[in-house]
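Chain naming follows the written order as A, B, C and D, and within any one chain the residues start at number 1.
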Amino acid sequence: MIEAVVINRVEAESKDCLTLHFEWDRPVSPGQFVMVWIPGLDEVPMSISSIGPEKAMTVRRAGEATEALHALSPGDRMGVRGPYGNGFELNGMRTLAVGGGVGMAPLMPLLRTMYADVAIGARSADELLFEEEARRYCDKVETSTDDGSRGMRGNAVQLAERMMDEGDYEQVVACGPEVMLYHLFRACEARGVHCQMSLERYMKCAVGLCGSCMLGKERVCIDGPVFDSARLRALSEFGRSKRDAAGRSVGL
Amino acid sequence: MIEAVVINRVEAESKDCLTLHFEWDRPVSPGQFVMVWIPGLDEVPMSISSIGPEKAMTVRRAGEATEALHALSPGDRMGVRGPYGNGFELNGMRTLAVGGGVGMAPLMPLLRTMYADVAIGARSADELLFEEEARRYCDKVETSTDDGSRGMRGNAVQLAERMMDEGDYEQVVACGPEVMLYHLFRACEARGVHCQMSLERYMKCAVGLCGSCMLGKERVCIDGPVFDSARLRALSEFGRSKRDAAGRSVGL
Amino acid sequence: MIDLAVEIGTIRMSNPAMLASGVMDETGEALVRMMEAGAGAVVTKSIGVAAHDGHPNPCLVELPHGYVNAMGLPNPGMDRFAEELRTIMPAPAPVIASVYAADEEGFVAVAAAMEDAGAAGVEMNLSCPHAAGFGMELGTDPARVRSMVEAVASSVSVPVMAKLTPNTADITAIGRAVEDGGGDAVVAINTLRAMCISPEFARPVLSNRYGGLSGPAVRPVGVRAVYDLRRELSIPIVGVGGIETWRDAAEYIMAGASCFQVGSAVGRRGPEVFREITGGLQAFMESHGYAGMKDMEAAVHD
Amino acid sequence: MIDLAVEIGTIRMSNPAMLASGVMDETGEALVRMMEAGAGAVVTKSIGVAAHDGHPNPCLVELPHGYVNAMGLPNPGMDRFAEELRTIMPAPAPVIASVYAADEEGFVAVAAAMEDAGAAGVEMNLSCPHAAGFGMELGTDPARVRSMVEAVASSVSVPVMAKLTPNTADITAIGRAVEDGGGDAVVAINTLRAMCISPEFARPVLSNRYGGLSGPAVRPVGVRAVYDLRRELSIPIVGVGGIETWRDAAEYIMAGASCFQVGSAVGRRGPEVFREITGGLQAFMESHGYAGMKDMEAAVHD
């Protein structure tokens, strides 16, 4: 059932992202998401970026629905149902967390829970997300920007490859654009590094019913959104194609 | 939901009563009852006379439905739903348990749980119920029969009055024909003895919904079947009238 | 505190939570108990011309999300029930008599007897899904509904409501027939025609085989019916079906109900449910700035 | 082990648990996964002539006892979907194509495309309660149903089933129209027309306002529909609505279903539900001495 939650606080994070903090007393584990209802407009999936007693979601402006979320103020209400999805598995592996753009959002609850080094990528400095907060929990936080305006010039995959080659990681946890994740996955496979990656597909029901979020044989909403290496290998469409709202296969 | 339970054992108890032992894993407290479905015939309320891992009901032959229950053999199935009703309150009072006829059935789980003296009444010796078993748990067990064929000649109320006058009871727990209970209640009121009495009314739903079991303002199925002195005093119809299946008020 | 008082014609209720027909309403004392529990009005068991035992047991199946019942309209008949009603008059809250019959004559006779006995209104049961010859057969034919409602409305002076079956392709056609016949309100919904079978005993559980589904299971169907009716009718709508909490009541009010009835929840939650619902509703209205229930309806429909 | 294999015309299933239309059946890989999970056959998402996005979100409300959905028939259109089907042919279990259209021509075109692509049968969706112009409007008029079924049945060589809406006063009249039109089976029930309103946001939750209720809530309505149909029809009946356990399936089989479909439970219980149901059913049949499913039906109906 959809619950009406009240926004306590809105925090600007980057050029196109902000964080909505809201009251919601459900237990959430790192990597899970909710469906957010913007009445009269749409209902879209959003990762939970803070899982404490007060929850948060970090929203990148992408279109009408996210635009409407950006327009909300403290005291406003939004509809929320969930949490959904499997979330990340917490294990003892030496971990590199890799976030591309707003892909940092689902990683934040993880970084607050377990130890990891962090690679953050974005197009330019003003789009880098959560660098400062990550430094609060993690000793080693590196960044990359396409335009070199901060950190390494290049993309998050290149940054992660460098860090993997220098460090001694057993695992990569990652979220970001699928093309990035696909190349990161291949880089990990080449190095024998275990992966957990959070993926996205078009979602309608979010409860494993309608099949609109199929990625190969998996339902991203309930079998995912986090997939480990073994399952990533079997995902026929990973890095290649997705389904539109009508269920047609289209390029990524 | 109705469950199909299997009869393990049938035990003859008296001229017109037998006990059906059956597998049923629900927790039951003393004084609660079930609705027993005899497919194709009827569904009737029956007290649970044994509340251990194996349950039991003790059935007096009264008409078609109870006749059918008497015809069951080990291995047969019957339908059961419940348990329903409030049951007896277990307290530390010095207690006299008074059972008239098959009214002993709901008292047995109580006698196995708490200490009490016992008065058992019946028309004649071959209708006396549970005397032997009661003696196993209770030091003082007395009986009365209308024809004097065993124990005191007289009815259970007379026996109970004598025991109350000799003993020092704080409480009477009782089940039996309502006219007996009504007189017993008056005897207790005269002596300042607290009562818990299990009553009967025509039952259809057994879940407090249909109102067919009304006794004054109380639903016997869910507010009862056990009523204490304070509530017995307020029951306008107690000892006087009941409702038939059409909801008409008729004499007891 | 927000005032929840509401009127349907001359029926004045201190709050919109009515007791639904068939639940705890066969005896005068049961009705009074429900009033004391906080019902704004009570609807009686459906009463017929003559006494009727109803169907043999089993007549109820409990499900996790509701009940399937086939009580079969047990009732003591209009004369005995009129006596019963007189014992509680004047009652602390309005009593609305649910009446059923196989024909107009019967409806008129029972309605008149109930008005005489002090009923503040009449609810015509056009919709019982499990009593052959009565009920649903009448309730799915707009022409018969209209003439039946006309007959009753013109023979009593208290408001006449008609209770609709959801077992139809278009409930608004029946609602319109009630309005056209001079009915003062429609009540929606009665139970959904249903059946439960016991695998172990290989037979329908209810002695009547067929029964009616009620409780939370049917709520979205009832809300939809009320919403549809609101868009077609101008007489008040009484919402019923699966109301257990203030949220459920709020759904019905927003869908277009002027007031609502609570049936199954009296068994599932206990008679306290009336105060829980009205209290919660008041708190919701205060915190969300609704001055009255009509504003809630308007927020959805306008 | 009792053999649960069952046939509807030329459709041969190793077990009677079919995947219901609209659930995990928009892509070839989804269909295969459901076969691997143990479905005896799978029904596809309802496919139309042209691609269709369906309704905007929200299109699902979760309730404790089921769902209310208004997906709005999203589908890639018959050509794209035929491609999709070809990728999984020959499939390990029969694929039945659910088809919808606004008229006979459309139904015939989609059915033919699906047969070409390897569908072992066609299920005509005459009953979707929330897509204007399609679905329920067609499905409540016996004459139109009959001619629509005739048209499709005479244009394909695979068995044709028709899926019925429960949103009607008499489902058997529609069932008979299917039988008279030459349909090979009826499927009952589709969802119940329903609505959920958010009190806090004062609006229907679904973008389409109206939706269809499914899941355990509707099971007694579905069982009743199948029981009624069994007494009127001689073609096979496929039971659907709220089946989550072997008991639920047993109820439908005893009510008269030759086989059954599982929809909501795939979400509520997971794809494992197919094996749980068929395993439990076999155990029940063994312990209660049923040699086959027809004996279960006979135990109730004869």
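Just so it is clear, a contact is a pair of C-beta atoms (placed from the backbone, for glycine too) under 8 Å apart; a residue touches a chain by one contact, two chains touch by 3 or more.
Just so we're clear, the structure is a prediction, and the values are computed from it rather than from any experiment.
Trainee: Spelling it out: a chain qualifies if it touches subunit B and also touches subunit C; which chains qualify?
Mentor: The shared contacts of subunit B and subunit C amount to nothing, since no chain touches both.
Trainee: From subunit C, which chain is the farthest off, judged by mean CA positions?
Mentor: When every chain centre is compared against subunit C, the largest gap points to A.
Trainee: Any idea how many Å lie between the Cα centroids of subunit A and subunit D?
Mentor: Measuring from centre to centre gives 36 Å for this pair.
Trainee: Mind checking the centre-to-centre distance between subunit B and subunit D? Centres are C-alpha means, answer in whole Å.
Mentor: Spacing between the chain centres: roughly 50 Å.
Trainee: Measuring from the mean C-alpha position of subunit A to the mean C-alpha position of subunit B, what distance in angstrom results?
Mentor: 64
Trainee: Would you please write down the residue numbers of subunit B that are in contact with two or more other chains?
Mentor: Counting only residues that touch two or more other chains, subunit B contributes none.
Trainee: Enumerate the residues of subunit C that touch no fewer than two other chains.
Mentor: 61, 63, 200, 203
Trainee: Can you tell me, using the touch rule above, whether these chains form a line, ring, star, complete graph or other shape?
Mentor: Contact map by chain: line.
Trainee: Please list each pair of chains that are touching.
Mentor: Result of the pairwise touch check is A-D, B-C, C-D.
Trainee: Spell out the part of subunit B that touches subunit C in their complex, as residue ranges.
Mentor: Going through subunit B, the ones touching subunit C are 1-2, 4, 35, 37, 39-40, 42-44, 77, 79, 81, 204-212, 214, 216-217, 219, 222, 236, 243-249.
Trainee: Applying the document's contact rule, which stretches of subunit D touch subunit C when the two form their complex?
Mentor: 61, 63-66, 68, 140, 167-169, 192-197, 199-200, 202-204, 209-211, 213, 216-218, 220-221, 223-224, 227, 247, 250-251, 254-255, 284, 288, 296, 299-300
Trainee: Show me the residue ranges of subunit D that touch subunit A in the complex, using the header's touch definition.
Mentor: So the residues of subunit D in touch with subunit A come to 22-27, 29-30, 32-33, 45, 51-54, 56-63, 67, 69, 71, 74-77, 80-81, 84, 198, 200-201, 203, 205, 263-264, 266-268, 270.
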